[in-house]
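In the two complexes that follow, subunit A is the common piece, with subunit B as its partner first and subunit C second.
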Partner chain A sequence: MTWKQFLFVLPLLLLVTTFSLYPIFTSGVYSLFDYQTNDQTRNAVYTGSKLNAPLLVEDGDYLLFYLRKDREIASPEAYAAIDALSADISAFLAPYEGHRQPIDLSEAGAEAVTAFLDDIEARITGLVGAYPELDLRVSAGLDNQIPEMRSTIVGSNFIGLAGYRQLFGDQRFFDDLRNTLIFTLVSVFFELIIGMGLALVMNRPMRGVGLVRTVSLIPWAIPTAVSALIWTYLYDGTSGIVARVFTQLGLIASPELLLTSAGGTMAAAIIADVWKTTPYMALLLLAGLQVIDRGLYESASVDGAGPMRTFTQITLPLLKPSLLVALLFRTLDAFRVYDLIAVLTKGTPETLSIYAYKVMIGQGNYGYGAVIVLAMFLCVGLIALLYVKVLGAELMND
Partner chain B sequence: MTSLATTKKTTPSRERLNPLIWLVIALFLFVMVFPFLWILITSFKPGAEIYGRDTAFRLIAVNPTIDNYTTVINKGILDAVKNSVIVSLITTLYVVFVASMSAYIIARFSFRGKRMLMGLILGISMFPQMIIIGPVFNMFYNLKMLNSYWVTMAYSTITLPSAVWIMIAHFKRIPLSVEEAARIDGCSQWQALWIVIFPMAAPGVFTTAIMTFIAAWNEYLLTLTLNSDKAYHTVPVAINALRTQFTILWGEITAATVLGRGTSGMVVDAASGRRIWSHREDVPMRAASLVKLATALAALDVLGADHTVRTRVDRGATTRQIVLVGRGDALLTTAALGRLATATTRDLRNRGVTRVEVLVDDSLFPAPSPAPGWLKSYHPHEVAPVRPLIVDQHEVMDTALDAGQVFAAAMKARGIGVTSVRRGVRPRGAATIAGVESPPVLDWVERMLLRSDNDIAETLARLTAIDVGYPATWEGVNRMQATVLARYGITGMTLYDGSGLSRSDRVTARAVVTLLRTVRARRALRPVLSALPLAGRTGTLTAARGRFDTRPSSCAAGRVRAKSGALRDTVSLAGTAATVEGDDSLFVFVVAGQPSTLTVRRAVDGLAATVVGCW
Partner chain C sequence: MRKLTSVLLVLALLMTGVVSALASGPVVIKFAAQGDSTPATQAAIDAYNAAQSAYKVEWTDMTNDSGAMREQLITSLKAGSADYDVLSLDVVWAGEFAAAGYIEPLDMMLDEAGLNPDDFNAGSMASGLYSGKQYVLPFFPDLGLLYFRKDIVSEEDAAKLTAGDYTWEDLKGMAEAYMGQAGTVEGFVFQSALYEGLVCNANEFTANWTNLKGGLEAMKSFIDSKATPDNIMTYTEGETANSFVKGESVFSRNWPYQWNEVKTNGTITIDQVGVAPLPGGSTVGGWLLAINKNSQNIEGAFDFIKFLNSPDGQLVLSQTYLPGNNAMLEDEAVIANNELLSMEGFTNAMKTTIARPVSAEYSKVSDAIQQAVHAYLNGTSAIEDAVAGVEAALAQ
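On to the complex of A and B.
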């Protein structure tokens, strides 16, 4: 490749690197750390010891505030001790001020901080003990600020493969994996059957095929989140027409079960998914059907083959490449389902994507969330590998 | 199907289908279109009809209206449409541009690593988007690109691979000779691409553009995560923020936890007040300490946040008598009594008095009696008999005499002899020697709500009753609460005390939610919310007490502020939750009829986590 040609590909490489490869790599890194955004001692990837300087300064300021207030009620003989303590705390905090992120900390630095905290803790205890009747405010610092200041020395949160070990013991993950697989298999199965029928119908030269094609594309063109919302109205326990019809047909015992029971939500999600993506499946299959030479069908019928035999002996084998591509993409799409279920039931049946999102964004646990998404990544890889094995190299032919 | 082969021979262009297939096709089309038709019909129904038991299934609205459309437009859906168009257009333009350039090279030239590049592109189109969410969020956060149209760059991960793939296929169909001719005429590669190839591949370019546009138009996850600000919401995200109802999976939650049938609750959106979920919301329940919310509201409303009371020392009937007059300072401390003693001592010394008798006047409240519905076992450790004088919150049977003793000890320490301490009433018109001011009512409210302090609650309720003009009795408290709550339109609370210890107190979930909305909407009352314990962090909800410290509810730690309540057979929780979507919800849950164990409390915490949306 010449450098000029390389320039043509460069924007693609930059985008792919920034928004796909780098994040995947970063997720891999996260998965090795106990990285939780809602915990100040763990809200980044710390490879070495850190000092949470902002928190240290904030707590120190509280101590200074208490001492200022205490000076107002204290008798003059206590001034010397209070002033000395205030001055020492201020002097100690000075170099740590102005930081907005935890800073690196050497071993000697950690010892210095600990020694300082031991010192002021002893002096505050002494001060409080010397004037018991004053009810000094700084005594609150002994309970709250000093212990918190001790916690500002943060060790590395590298945990290696512990997150992955946790995954193997995580029943919720395996329950969600099962949910995801059931959802994927059942919806792709029905999409394939109905989509195939639809494609066969649309492949015939008949009146009205254009209408069928156009109408069947409507659900596909609507954003998933919006169509899921539509279905929530149809499934609603008191006012949803689909829930009511299903109840009257005897499919469910009472209408609210569709959105409030484990089986009901699974069925609800599958129906909504099949409704939305079957047309897409049908179009992919139709494209495959249209390249099959019609002469083959004529010879088959001359040879006296029935429609079933024609389908299994001619249509299916020739359709195999498009069929497998369509199945592969639909399977992977269904496997990572998020917005449909997130909107339809706020997350039930819980799939792996929902779980991962809740852990990462909801609970702020980026470390374990990364472990879950990487496990998903592995599953996706296995599924793709399975299909490619069947497909051979056809997909990659250039 | 039977006619497939035979008819094809005779009429190759058009065929007649048998009616069964037509029926199947018609049914299929109906199923495809029905949801839209039904939503269209529903969109003209007023809200009452949409959710009405009979009207919900009518084909034609009884009172058709276009209010729903004006509402949606007023709520800014047009801004969302604008955002969607902008975001989808930007994405389409740059993706088509970038995809064309690389597809041209890949389609036209062979080079080392080409198969790898294609495999990479294909791989990216398959992987779960969820994997990039965390790192991309951090990247956007660090670069300050959250809540902006930069989100379109992240869209490349879902649109670019398939765009490149389609473009390659289309570029390959253009004969090489065309390009060669162009090159001979002196075109550079750049010109050959844009002047010759690109226009010739127009159908492919259009396909790619449409696919990309639709993918960007449909995108939900990235916008939800990266652009939480409503100003940048696209249609799919905005429309879901508008929804009027969602289902909390009651069946799932109850099955997973130990909550039983005696559970009631309500969840509403804080800003709009629309109901998100409710269950038995009008059934009066014991709600334990949730009653303190009403006490806090009444105190802030009637007394005001700055109100203080003054504990005094008055002269007695003789020079050798002084009277410690309790005015209901529930936060009185030994240190404050010490200051009072210092001032009193100075006065007595000036008059040459060295020995006194201390009378304790607690007649502001009548002689204490248990409230209706209180158990004997409550005294004195759950709550002390209610007197207007208590020091350091010593929970003893006679807090007034206890305070008198502490005061006497302080006097003795300052060199004044105390002959006796007994209950008495200050003489009419007696002069005041000294006084100490209580902390402001705001402090009381904060402390009461944070620790669920029963003594403060009862004292505060009585002081409020007196201020409204009722006696400082249980009946007075009852009437005061009825009066104040009625003023804010809060019905459904029947209260017999200020702390919620009474087993006769009844509140409905709806009443609690109405109360929460009331205090949220008024600046003067808002401390009722801000003083609530923070889940997993402060007061009665600290992790040390087993609250919000275990999965699944630990995810709600720091996101919920709530008043907890517990009697031996009742567990309740009410407050505000910052949801994952960025809105605030108000909620109340009451579980009755089960021994109030930590397990039940944790289950209720789980419900709060469900409201947050992180469970």
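On to the complex of A and C.
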């Protein structure tokens, strides 16, 4: 490739890096930090020292507020000490006002803040001690504001690989991984069998095939959240027809178990997923079937091959590329399942996506959430690799 | 000529000034609160908008799924958005929101307005007191209650219930005995789906986590008994209220709003309903009012939440909710608005309130309790595991 040719590819390369790699890179960075949104000392990626200036000012204002209230009840001889404290605090806060985000802090700056806090803490303690009978409000500042002001000096929250170590000891992660794998394997297996059958039928030249193709696509066309809602009605313990039929057949002991027991929810999620995505599988396979040369089938039938032989010797080998694509897409899709289960049962069986969501959004723990997400990313990569190795190494070389 | 031009110019400028002042109108305050099946919230907003002209409050209707609402709020606040000025918060969120720096402390504004935090519902105010700073005012306090059918339950049993002189075992006996009478099909309905309501109910069954084993076993015995619906483990407040107001159940555990549900949507009449304290105590719930730290209109936002807690605002809210302003508990007009306040069973329940665990990482604690309790109730794990799981969660 000449450099001129490279120039033409460059925009594409930039696009790919920005849109594909950058989010993964960001997750990777998060996973190395103890990043928790609900804690102001860890609510971003801090590599160096920072000063949470807004909180420092807020707490300083509280001290000033207490002093103002105390001046109203104090005797005149205390005025000097109170006024001096107020003036010093105001002067100290002035340069930190107006910020909405934590600001960079040098080592000298951190020492200055600490020295100042030590000084006013001592002076407030002295003031409170000098007028014990007044019950000064500023004494509350000693318990609350001064310690909180000390916490505004934020150090780095880099933890390296500790998050990954935590993952290996996290039983819930492995339980969810097992759930996810069961869901993926079982649902994709049934989708493949039924989807293949559907594709073979739809590939037949027969009357009304257009209608069959259209109708069979309907489940796939419905948004997942909506179809999950439809299924919650069908599975409902008191009025759901599917739950009723399953109970009559003896598959479950009583109708409400379908949406409440561990096994029931797994089965419910798999059935809904198979119903929904089988048409997609069938469509991908049908596309593969249609490019197979009809002449091959004619020659086979001339040579006296039965339908079974034709299927295994002609259809399957020639369908392999489509099969690989269909299986790969569906497996990765099923592995990342979130919306179906979130709507159907509000999160049981818990899959990895749901766990990652709960940790990140529910608990505000972006650091560990990123670790789970990257572990999922790794699993997805492994699955893709496995498929390519087993089903079609030559496909990637084209 | 030049003079005339400049006079005209000044006039024109004045005119545009007047016009734009007229066009700008009141400042809009956005209030994020859950949908209200009663007219109280809208009535309170209308009353505020009518009472002054500087601000106009608009209600942003949030989802009634509390967990989803919390996530929606956090996503918005974390991004530093000023989408909402006034936030209504579930009592258990305030600590976390305050710790994260999402909401504005109120002490100085309260002081300026001459309000004393001690004058408001203690439980609500305590849930919004973080690091010595007061972050909230009450929207409405709430507590768990036992509702029973006065027309079915015998007078003797009703007296026991109202006095709180019964155990979960007694209640189960009554539920089984009275079930089926007067068209009922269930004995007792409560909340045991996998969500925050499960923590409130488990808190009551275990008497504020003091009797973990006995309480959880009592809970499971209800679920396994014929006195509860087969799908009780999918029940939230909605299903519970639905069953009770349709006259399908004899007993139900729910928040005070169910009283109004009976009045507005009930197939049974309010005369058929009594309320009582719960055997293990009543979990405190309810909603708080807080101000988004990034709001552009903090003054207006405070003016609105101050109004909701003023006698005028409380009178409007009291048609559905309990007053958060203590003085209003004895206000005759408020009592006339809310007959719960004059009921013996209710005042008894007010005396036995219990809180949920207080933690800056409440959602994590709650999640762990939910998982442990739910797994035991649906038969996946043993009682020992559930007790150990809850104990570990509480120790966090």
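Assume the second predicted complex is superposed on the first by the 369 of 398 C-alpha atoms of A that agree within 3 Å, B and C clash if a C-alpha of one lies under 4 Å from a C-alpha of the other, contacts with A are read in each partner's own complex, and residues count from 1 in each chain.
FYI, a contact is a pair of C-beta atoms (placed from the backbone, for glycine too) under 8 Å apart; a residue touches a chain by one contact, two chains touch by 3 or more.
Here the structure is a predicted model, which means the values were calculated and not measured.
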Which superposed partner A:K69 touches (first subunit B, second subunit C, both, neither): second
Partner chain(s) touched by A:G163 [first = subunit B, second = subunit C, both, neither]: neither
A:I361 touches, of subunit B and subunit C: first, second, both or neither? both
First (subunit B), second (subunit C), both or neither touched by A:P102: neither
Touched partner set for A:A262, first subunit B, second subunit C, both or neither: both
Touching partner for A:I230 - first (subunit B), second (subunit C), both, neither: first
Winner by number of subunit A residues touched, once subunit B and subunit C are compared: B
Which of subunit B and subunit C A:Q145 touches, first, second, both or neither: second
First, second, both or neither for A:V201, with subunit B first and subunit C second: first
Which superposed partner A:G60 touches (first subunit B, second subunit C, both, neither): neither
Subunit C-contacting residues of subunit A that also contact subunit B: 38, 236-238, 259-262, 346-348, 358, 361-364
Subunit A residues within the subunit C interface of the complex: 37-40, 43, 54-55, 58, 61-62, 65, 69, 100, 140-141, 143-145, 148, 236-238, 254-256, 259-262, 346-348, 358, 361-364
In the complex with subunit B, residue positions of subunit A that touch it: 1, 4-5, 8-9, 11-12, 15-16, 18-20, 22-24, 26-27, 30, 38, 133-135, 194, 197-198, 201, 204-207, 211-212, 215-216, 218-219, 221, 223-227, 229-234, 236-241, 244, 257, 259-262, 265, 275, 279, 294, 297-298, 300-301, 305-307, 310, 328-329, 332, 335-336, 338-339, 342-343, 345-348, 352-353, 356-358, 360-364, 366, 369-370, 373-374, 376-377, 380, 384, 395-396, 398
Subunit A contact footprint on subunit C (complex, rising order): 67, 71, 74-75, 78, 80, 96, 99-101, 105, 107-108, 111, 131-133, 193-195, 229-231, 233-234, 360-361, 363-364, 367, 378-380
For the subunit B and subunit A complex, residues of the former touching the latter: 1-2, 4-6, 8-9, 12-15, 17, 21, 24-25, 28-29, 31-33, 35-36, 38-39, 42, 50-53, 56-57, 97-99, 101-102, 104-106, 109, 111-112, 114-115, 117-124, 126-139, 153-154, 156-157, 160, 164, 168, 189, 193, 214, 217-218, 220-221, 225, 235-237, 239-240, 243, 245-252, 333, 335, 338, 554-555, 557-558, 580, 612-615
